[in-house]
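Following are the structures in question.
Both complexes shown next keep chain A, but they swap its partner, so chain B is in the first and chain C is in the second.
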Partner chain A sequence: MLARVRSAVIHGIEAHPVDVEVDVGRGLPSFTIVGLPDAAVQEARERVRTAIRNAGYDVPARRITVNLAPADVHKVGSSFDLPIAIGVLSATGQAHPQKLKETMLLGELSLDGTLRPIVGTLAVALAARKTGITALVVPDGNGSEAALVEGVGVHAARTLGDVVGHLETRALLPVRHAPPFDPSTERGDGVDFSDIRGQSSARRALEIAAAGGHNVLLVGPPGTGKTMLARRLSTILPALTWQEAIEITQIFSVAGLLSAGSGPVHVRPFRSPHHTASSAAMVGRAPARPGEVTLAHRGVLFLDELPEFHRDVLAVLRQPLEDRVVSVARIHSTVTFPAAFMLVAAMNPCPCGHRGDSRRECLCTPPQVARYLSRVSGPLLDRIDLHVEVPWILPAELLSAPAGESSAAIRVRVQRARAMQRARFAGTPLCNAEMTPRQLRRHCRLSETEQAFLRGVIERLGLSARAYDRVLRVARTIADLEESNDISAAHLAETIQYRAFDRPLRLLG
Partner chain B sequence: MSPPETIQIIGRDDPAYPAALRVIADPPEVLYVRGTLRDQDGTALAIVGSRRASAYGLAVAEWLGQELAWCGVTVVSGLARGIDAAGHRGALAGGGRTIAVLGCGVDVIYPPEHHRLMAQIVEAGAVVSEFPPGTPPLKHLFPRRNRLISGLALGVVVVEGRDRSGAVITADCALDQGRDVFAVPGRIFDETSRTPHRLLQQGAKLVARVEDILDELGLAALRPRSVAGPSVALEGVEADVYAQLGLQPQHADALAQRCRLPVAEVSRALTLLEVRGLTRALPGQRYVRANVEW
Partner chain C sequence: MDRRALGRAGEDAVAAALAARGHVILCRNVRTRYGEIDLVTADRGDLVFVEVKTRTGDGFGRPLEAIEPRKQRRLVRLARAFMQERGVLDRGCRFDAAAVLMTREGRVLRVEIVPDAFDVPI
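Now for the complex of A and B:
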């Protein structure tokens, strides 16, 4: 007897339909799985055999063959346990499911026959809708997540028995409803910009960064609050849209970072990998292991101690910074993960960390400082629009500094600036940081006087020539924050302050 | 590229040999010179001090170099980092002459980042050494060259120095050679004030204006030519920010807090002031007043 059950496999962060075919026939007793299964899928045999027995059914001593089609796609993960088990029960005549054609099944089995949550359920639900499948049976812990997809009836089951009952239409499982989504109410782990006193220019720079989607580099002595500042950037970014929340939830689900029973992600992610991270940890691994750049999608990727990262790790960041996606090649296939993150990097001003520090003397020689700074030069620096020098503040000054503005107040201005950009780029989700050179020339036009002013400043202060376009980009955002259509000399003058790396002498002193 | 310029070798019998050096206790047999030595370099003053100088010290050295240049006095120093380089730069900025005495061969660029500065000095003065070309910068050679720095000058101004500073050696040489020693005071708690303050206690002349030096050396006729201060009248935020700038480096945040202005406006004003040459940005987005007037 042959049974066919529908399921899916995760590839990248997307799911692809897989048909699970189970044949029970004559021959020496055996249980074989074919169709490029990985170790976790192979082990399904033992889980399925035991779970079926403990659920009160029987695995006959016959030749059982499981084929996972299409046969040339690698099958990974533990979610094939349930479809294989249902296939075996159906092929042996122990169950008579009616709804196998229109239902997709996935779930990991425990030895006692209960279902355990799996990764990537949301991606499967999205794939199910695309292939015209109307119902999905998933483990209980994944119900809320799958229910986010409209147009697919999601049934959450606790045990193998529940699933059999549902498919035989004896005891139908209720349809799950999507949990509420209101990203404006929830603000992460309770951090807020009002926690930070002083640091007014760093706050201002982060506001500009958030408004235009610019990448930022924070330079300052240890203990000046660079990490604190970076952590708060995601609290002033615009609230998540439904589409963005789905994207993030899908990624988190595939990465297994979604806790069981949780609905959509409400908060923009903040990822801060350690500087010993490998390039595989950064960009991810095929077929279905998203890296840090993908986990930071639509949020903030924070790299503390930027010069300490391995050179090859910094090199692999170039593609995601440029293309907003990252491609990971494997022998047979290439997986593309989304990676539209904002980069916030932090570094000390010199090897000892105390250059420009009022507390302690810096003992680094100019060549040492130059060597240290040169570690982050080049293509990576080219993608960072704002460079901010964060000062160390005396405790006394810190106490007398005015309490900081709240994230909510800053976010209002950021959202207004983003609205200007949406109108400019005709409804596309582009922000100023993503302008192409052509758009830049079109939207950042300067009058004769401003052009002469900027040329003069660049020449007078010894800025590198490529600073010109970068300055325009940031000045555009500053103008947007003031809801001004024209870029003025004042906007340009302020931008110059955030381009320290264009002025080697200022950093070297 | 200009043709490779020559290194002159000037023996002690050569009329071009600096007269001031002939009279010191152990004058070098030969001098290797890039650039030119002139008769007017007889009226010279040495500016020496710490390699790791404060922003204040650097500003003083540069200002002093410039004022001396305006008076037609040649500035002698050692091309080291910190005060030495600031003294040379000040003289160059004032359009005057300056001589760098090296502790290595005159064709060896040390420290390497002074590559351009050295070229400018060859143009507007001379780079001098008693060590043959190719001599690497060895530690023990530097104290020896210090006697030439003082020897070439009528006096030595010590700007900053910690305990056991090289500037002490130069000051001692100056005394042995019968040259005047001047010192610029600093703040008493700063380590960099140790050497100048000790010298002042021992009788060095305190320098607060360039006239203090000229009077002592009997050069009172050489008054600095009057210099136009910030010729442009400042207005609004720029004026407020400029008023708060001093020789103590201040971060833009601190300036904004003092001016009670949003940091965005202060940042804009700082760029404009910097373009006009009225302030200078130091590492860490800290600002000092440039073009100091006394």
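Now for the complex of A and C:
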């Protein structure tokens, strides 16, 4: 007898429908899975067989063939356990499911027949809605996440027996409801900008970065708070929209970072991969392993000790910085992951970290310093609008400095500046950092005096033509923070401060 | 008793035990192209191929452990040849494993039968 069960496979961060066909025939007893299964899918045989027995059913000594269609798509993960088990029970006449046509099933089976949570449930729910499937049966731990998708009835089951009862309409499982969404920007760990004393110019730079979505490079000796500042950036970014929250939740779900039973992600992600990270860890792996740039989607990617990162890792960052997505090509498939993140990079001014430090002598030779700085390539620096110096502060100064403004207060200004940008661009792009050159010329027009001022500064400091566009972009954001339609000389002057790397003489001593 | 007689006695014991469970004994020590099958029976319409292991004392490991994947593949090959020679390839079938523990004098101490012991390995 033949049974057909609907399920799905994750590819990238999206799910694609898969039909699980199970045939039970005569002949030498065997259990075969075809349709490009990976190791985890192959091992489903042993889990399914044992789970079926322990749930009180039987796997007869028959020739069992499982086909996962379409046959040319790689099947990964453990979520095929449940559809295969239901298919076997149905094909052997031990269960009589009536709801198979309109229901999509997924779940990993434990040996005792209970269902274990799986990855990518939200993506499957979205795919189910697209294919016109009206019901979804998932493991209990994934119910809340799947219920975020409207238009699909989500039923959460604890055991294989529960699922059989539901599909036979003997004991229907209740429909899960979505957990409430509260886009608070308070991070669970309680970090806040008021924790930072002093460093007023760095604080201001991060406020500008948040307001315009600009990438930031923090340069300063060790122990001056570069990491502390970066960690707090996500607390002043605008609150998540529902759409953004769904995107992030979908990514976290596929990556297996969502704890069982949790609903949507409420806070912007902050990812800080170590500088030993490989380029595969950074961009992800086909078919369904998102990398750090994707896990930082709609949030902050923090690269501490930027020059210490491998050259190829920095090179692969260029595509996501430019296109807001990252493509991973492998022999059998190409996957595109979303990667719209804000980059915050931090580095020391020299290998020992003490150049320009008034307290300690720098021991680095000029060639060492030059080599160190040159590791950060031009094309990458090009994508970073704000270069900020984070100087050493004297302990006395630190103690006497008043507690800084809170994240909430800064966020109010950031959101106001973002509102200006939304009104200006009417949809795309989202912020000043994403302006195209044409939009830049249209929205960053300077008057005669300002033009003359900027030209003078550029000549005096020896800034590149490339830097000119960067300056305009950031100046636009500074004007937005003041809710001013025009860019003034003061805005330009402030912007010039954030171009430390375009003034090579100063950094190279 | 010599080893051949011990094996023979073990198979007798298993055949008797299977018959008591409702199996119809079809053939014993049946030869195929690739070798010999200890016991072929019919159980509610299924062909059952039985591999019998006889031991005196368990100094050499448990008898059922002796039926490892290579022996399983061998038995599958024998079964396939058996079914092919008789034109019954589409019959439902399964593999049972049996272990017999005996004294050196040929007294049966225990008969253990594992129905549906393994699948056709891929």
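The rule is simple: the second predicted complex is superposed on the first by the 505 of 509 C-alpha atoms of A that agree within 3 Å, B and C clash if a C-alpha of one lies under 4 Å from a C-alpha of the other, contacts with A are read in each partner's own complex, and residues count from 1 in each chain.
Basically, a contact is a pair of C-beta atoms (placed from the backbone, for glycine too) under 8 Å apart; a residue touches a chain by one contact, two chains touch by 3 or more.
Please read these numbers as outputs of a predicted model, since none were measured by experiment.
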{"item": "Joint occupancy of chain A by chain B and chain C, clash or fit", "value": "fit"}
{"item": "First (chain B), second (chain C), both or neither touched by A:Ala281", "value": "neither"}
{"item": "First, second, both or neither for A:Ala61, with chain B first and chain C second", "value": "second"}
{"item": "First (chain B), second (chain C), both or neither touched by A:Pro367", "value": "first"}
{"item": "Partner chain(s) touched by A:Arg26 [first = chain B, second = chain C, both, neither]", "value": "second"}
{"item": "Cα-centre angle that chain B and chain C span when viewed from chain A, reported as a multiple of 10 degrees", "value": "130"}
{"item": "Partner with the higher number of touched chain A residues, chain C or chain B", "value": "B"}
{"item": "First (chain B), second (chain C), both or neither touched by A:Ile496", "value": "first"}
{"item": "Touching partner for A:Val457 - first (chain B), second (chain C), both, neither", "value": "first"}
{"item": "First, second, both or neither for A:Met228, with chain B first and chain C second", "value": "neither"}
{"item": "Touched partner set for A:Ala315, first chain B, second chain C, both or neither", "value": "neither"}
{"item": "Gap in Å between nearest CA atoms once chain C and chain B share a frame through chain A", "value": "67"}
{"item": "Overlapping contact positions on chain A, where the chain C interface meets the chain B interface", "value": "none"}
{"item": "In the complex with chain C, residue positions of chain A that touch it", "value": "26-32, 61-62"}
{"item": "Of chain B, residues touching chain A in the complex", "value": "52, 81, 111-113, 249, 251-254, 256-257, 262-264, 267-272, 274-275, 281-286"}
{"item": "Residue numbers on chain C that touch chain A, as the complex places them", "value": "46, 76, 79-80, 83, 89-95, 116, 119-120, 122"}
{"item": "Chain A residues within the chain B interface of the complex", "value": "198-204, 219-221, 349, 355-358, 361, 363, 365-367, 370, 388-389, 391, 393, 397, 401, 456-457, 460-461, 478, 490, 493-494, 496-497, 500, 503, 506-509"}
